[in-house]
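You will see subunit A twice below: alongside subunit B first, and alongside subunit C after that.
== the complex of A and B ==
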């Protein structure tokens, strides 16, 4: 198995790709392309944005001018987006939408794998119980109505009566039960359905979920790729659903589109489901999902109009170039549920990072503004704590660790790490994800920054992505750059990084920092069972203050993911949901 | 230089002026002005590399000024790179890594190539068969790809890079050494050495090798240039030690910004070009000086 072998793959979504690649192994159909990608491109970095007063004091006039230009460009992009949204025209039926992604999955069954390469086509083929708008509100989908009992221990879901699978059989509560049980058994996100004790099916359209504890994320878990319904009569006939041939061919789905053709490693063609349960939808006849790994090729395809829509674009040079095209719109919307964060993690069990003051000193010593403005061209957002800034639980009033060299030095002094004859206090190492130039540049930047406070960093280059995963998941690191997704609700994607019970060597993205704090455990425990959103927000506020102060991680920024679409061709692009492109495209139409 | 068939005149009024081989070699070398220029350039680069910490007592990884300051502005004669590191410092320090990798890779090439080539050429027969099949195996592998695989398998550090380059470039030296050994082993003085009972080891080391050296030395000089280019290519692809500044690394780090800050890529490119050119010219000069057929020119 080889994950991300390509050393030049983009600064994309390692986490998004991992499950796909792993599953590809299960299926014995692994191709290196499954997790490939490339970052060759033309960088147009704006030197004017590097206006860091600490390093360079002299103001330069052309710098301000360029900043102004940049702001104008940002505004005009926003205007274009509003204009596109405001033109309330009737959606048209027909047409083909061409979508391109750098990765194509080995299968499209979201009940057994996470990862966006499975999720994007998976949510077109399979309908979930619920869908979410862009403000975290649940909306009916396969479920007509739902009800959570006052004690939070019973969730009753009523299905719509006109929903049928692609083979014509009705979608029943038995299928719902089967699907959620498949998630429980096979999906990597164990906490997601962990509180579901049993599922009753009193009648074909009613499913009753009996929970051991109240589960605040249960409705979110019912949406997008986390809660799709698969037919029991198709996928229930095998002992090992992971090996089921219909995970990738002859898929019997429940969603707005049917699988027409799948050429592994190259493309997927989806066609309209004529018997879709939502009247008159979907609007488009056909979706062509094409794999284009090379950034430059994808950019050219977008510019030529060969591709109408791409997602998870993150390279500043690519975004800069696409932004200049008047037919295209770029938007960071549609990623708040996935919640991608990038940070610097410490091995809190190794010296010197077993000392909180050293970890805090490192956090202070890094100039985050430089990373955001220069390395990410202004496309990424600052992130201050464990939860993504796009979430309702985003951190508030936490210590931002603003760049402060003196404070960092003072903390190191306090911790007893005084400079030796060469001015060096600490010698340590730093790992990074071998996934493209930006990761490496960021790592070298941090090395230079830490030198200023007397920390001598040796950068450790991993041979490939798998080697990095192995190093980090087995705790064989001092510090590492990392990228972790929130996956909708803190219960699913945040708790795992901080729970002292989730230190599982060898498993990717567990509590690799080996952070252990009883108070944090207790608060998360309560927040994970609290149903009231405001009370939860208070608990997560408390949790984040504790964690940010303990600093097992130096929080840096969000991943600069953008969805790009041709606004002259596409109406209702799939960005008005917290799940973005991982939500059903049944309202998208071709102008 | 043993066994050189020079006959010293005993006496006589018209005594032929006799040169010591070293002097003769130098005279031949100096006659090639391009080779002299190459030597001067290369010496300057080696000097800069050796005394880098003395000339510039700074860390090439320090971010000193605004990123992408053009050459000459604000006192930075070669400008700054994408993280605001001084290009001049980076070039001077980069010479160290570049030369160390180039030199040790070339050394490794000579050691492996000479060992295999001399054994194959001297013993011939099945030894030759086996060793040459091994050489051919390495010859048909795409060298850059093999070097990439080797570096990726182990951690990308300077020794790994040097070894990877050495492993992929020795085949030419092996074939050259084999040909020289095959030719020389049939000459009279080798037969003479054998007839007085010299052992194989002595014949290989003391009799044949000194006579086979000249073309190998020329080849070694050229190999240094090839190794430097390999190092640059690997660094360009991101397969180099991120803790060591080298010219290839500077290019690799900045290649995304080629259109906005061309100097960040062209300056280390020129440095590589000059070094490889200088080394090639030296190799050319050595060839002239060693090759008797060119002496009458």
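== the complex of A and C ==
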């Protein structure tokens, strides 16, 4: 099969808006989430008119839900029409965009680190082979076209002929080969390019990937920060790329923006790449990426208009406050590839959590809706299984473990954990990832909830992130509150948590639950080599049913990440891709 | 020798902390593999035995090399030198202002211990002590940034201002105002209180009575005779406080995203960037020594007894 596509049109174009809205109207059987999704898209175009997406996420009775769906579809259509008319303006060239984030990375070379602080500027500085729209469809980027052979073992990529690095040298298949090999050797996500046996470069614009097995994740791995192309003539001159000075200064990139200045720990200034291979783009002259680590300071900067765009905002009070500002738009869009989940994990090799019934009891005993509404202010979404609800493989028909204290008690009775004189059945501990106040509150809440079913929990606070990761990665825990990303394809970010072959003490975010299930292993193995999306979805459906029933993890919700932007200043904000702000900002413009 | 002991002690202390840079980088990456963890540890020499690591580090420090930051991949000395100027600018300005204004307030208050101004100073000191500095800072932000909109919110300078021009210096001053005000508010409280108490103590002593008996004017008695003696405790405290510059400034630096040593230290600790932490600790040890020396010199300057005692 050959996939060949035109460069995508600007996201806010009238067609795109109408499409989404019409889809919602036509398709009466559209799921609740679908309607909410398109609504959220529309909201970002015209926030004044759209209803609150958070309300849609609340559970409703069936009739209410149907009515709501219809209303949402109608509103979406109406709003989209207005928005389409309003956004018919042409993107303008020029201007400075100020972006702010809690952290600034130490370097911006995505081939050796996967984190978003590296990825956000990294995807501006370096172009990848492909990019993805917001519906998981690959689009051409550095690659003009690509082809996967029928047996799935050969992937041929044709590069565009006008692409040049920031130093003027052409981008060739040699550079692609070098980049992917660097990923294989140094990047944290080994499964991403593991099946790539060798890369042939028959001519400067053709790269042929020879795979040991069919690899459905490869196209996604070619996008965003997971597959950027770095110049071999710059980064190939060392055997220690981790300490290459040009990871942070004098960067020779391939993307829409060039590095002008980097002050470690303070700010980055990026400038338009005048020789960018996509004609007429990018629109903005300059991106100033400022670190503002303090929440309140960042909020004020946004409100004052000093900052135009932030991402990964997750604090409910912060979001509440920003939502009130008429110049700002909040959107949960653009996080489905990262797929952030928050959950409670069990050490399945320790008593009493070696018993599946105890794990299930804990899952039943926690009021997930309370956490969502009260602790997260309605900004997060319920998640029911290993895969993020924004993924095409999201779990369906799995046991949701709806809050049920009696069931929890019954399960504990069945497992032989009866209450003692003080009404306590089990004494255990709970660790949590030290990532802010909400985590602590959530942990306290879970402690109180479990008390009700006779589980006495001692909370173990870690001094810092490293202390926590050390404890968990060495299996020195009973239960832990954790946050784990899906990273787009289940092969990259999901398998690792459940594979019995991935129990590796000392390595963060391996199968720290030490969950072992031959059936799950087998299904994942098949799903990881299946190229047909529907067949794959069926396999992941099966896998998730098994895992959710075994409950090595009590699934709670998604991370409440939001991108916030000043809609009076910014056109085409980078939220219309599954990668969100970790996608190139070459279509963003200043109004 | 003392400095060397400090270096060794710091190294041992920091190696006791659980987790290392590989854990941090893996955390930021949202995942890792054994190969990458090993790769990182090998790159930074963390796979070698402890005593070898210690010996290598001490050897380098003796030659004036504080190592390379794991996180920024830059020489630690360069990193610290880049951060020390903003911190000194902030702390010294705040400290000098606090000493001058605080002492003046204290002196004026001491002249009428039960007067209105004296009560004002007492209340000011109480509030200054009691109010957490981040709270003061946020109130100042609300007033000057959000409401009056006359002050910039954060940073040392607007990154887009061309460096070295007059506008650049003015922009730095503009950015300096709020952090200095926040930081000096705590210092001011202690100095005014200290100066007031010390002045009242001195004003009650015999030689002041003698001076007054000689018929000297009150201003001359206060500022020429009394102040000179009363200021000695102020110098002692200033010397001590200067050694705390990093800790005191961390909060203010964080709130205003001031690119100083305080934030660097704090963030490096969270990141497990051991060479940077050790570099900063080494620097602060040196600063303590230098400031102690300066304090002694200042004593000699204001107190002739100390001068003669040492000369004798």
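One rule holds in what follows: the second predicted complex is superposed on the first by the 505 of 591 C-alpha atoms of A that agree within 3 Å, B and C clash if a C-alpha of one lies under 4 Å from a C-alpha of the other, contacts with A are read in each partner's own complex, and residues count from 1 in each chain.
As a working rule, a contact is a pair of C-beta atoms (placed from the backbone, for glycine too) under 8 Å apart; a residue touches a chain by one contact, two chains touch by 3 or more.
No experiment lies behind these values; they were computed from the predicted model shown.
> Look at A:266 in the shared chain and tell me whether it touches subunit B only, subunit C only, both, or neither; answer first, second, both or neither.
The second partner, subunit C, only.
> Considering only touches as defined above, state whether A:522 meets subunit B (first), subunit C (second), both or neither.
The answer is neither, since A:522 touches no partner chain.
> Does subunit B (first) or subunit C (second) touch A:374, or do both, or does neither?
First partner only.
> Looking at subunit A, does subunit C or subunit B touch more of its residues?
C
> Which partner does A:464 contact after superposing on A: first (subunit B), second (subunit C), both, neither?
Touch partners of A:464: subunit B and subunit C.
> Of the two partner chains, subunit B (first) and subunit C (second), which one does A:424 touch, if any: first, second, both, or neither?
neither
> One more residue to check, A:496. First (subunit B), second (subunit C), both or neither?
second
> Once the structures are superposed on A, label A:292 by its partner contacts, choosing first (subunit B), second (subunit C), both or neither.
In the superposition, A:292 contacts subunit C only.
> Overlap of the subunit B and subunit C footprints on subunit A, residue-wise?
464
> Looking at the complex, which residues from subunit C come into contact with subunit A?
17-20, 23-37, 39-40, 43, 68-69, 71-74, 79, 82, 138, 141, 145-146, 149, 152-156, 159-160, 254-257, 259, 263-264, 267, 269-270, 272
> Enumerate the contact residues on subunit B facing subunit A in the complex.
Residues of subunit B touching subunit A: 59, 61-63, 65-68, 74, 82-85, 151-156, 237-239, 241-243, 253, 256-261.
> List the residues on subunit A that touch subunit B in their complex, please.
7-8, 39, 41-45, 47, 50, 55-56, 58, 60, 317, 374, 434, 437, 440-441, 443-445, 447-449, 451, 458-461, 463-464
> Mind pulling up the subunit A residues that touch subunit C in the complex?
Listed in rising order, the residues are 96, 103, 105-107, 113-118, 185-190, 240, 242-243, 245, 247-248, 261, 263-267, 269, 286, 288, 290-294, 296-297, 300-301, 303-304, 306, 464-467, 469-471, 473, 484-485, 487, 493, 496, 504, 506-509.
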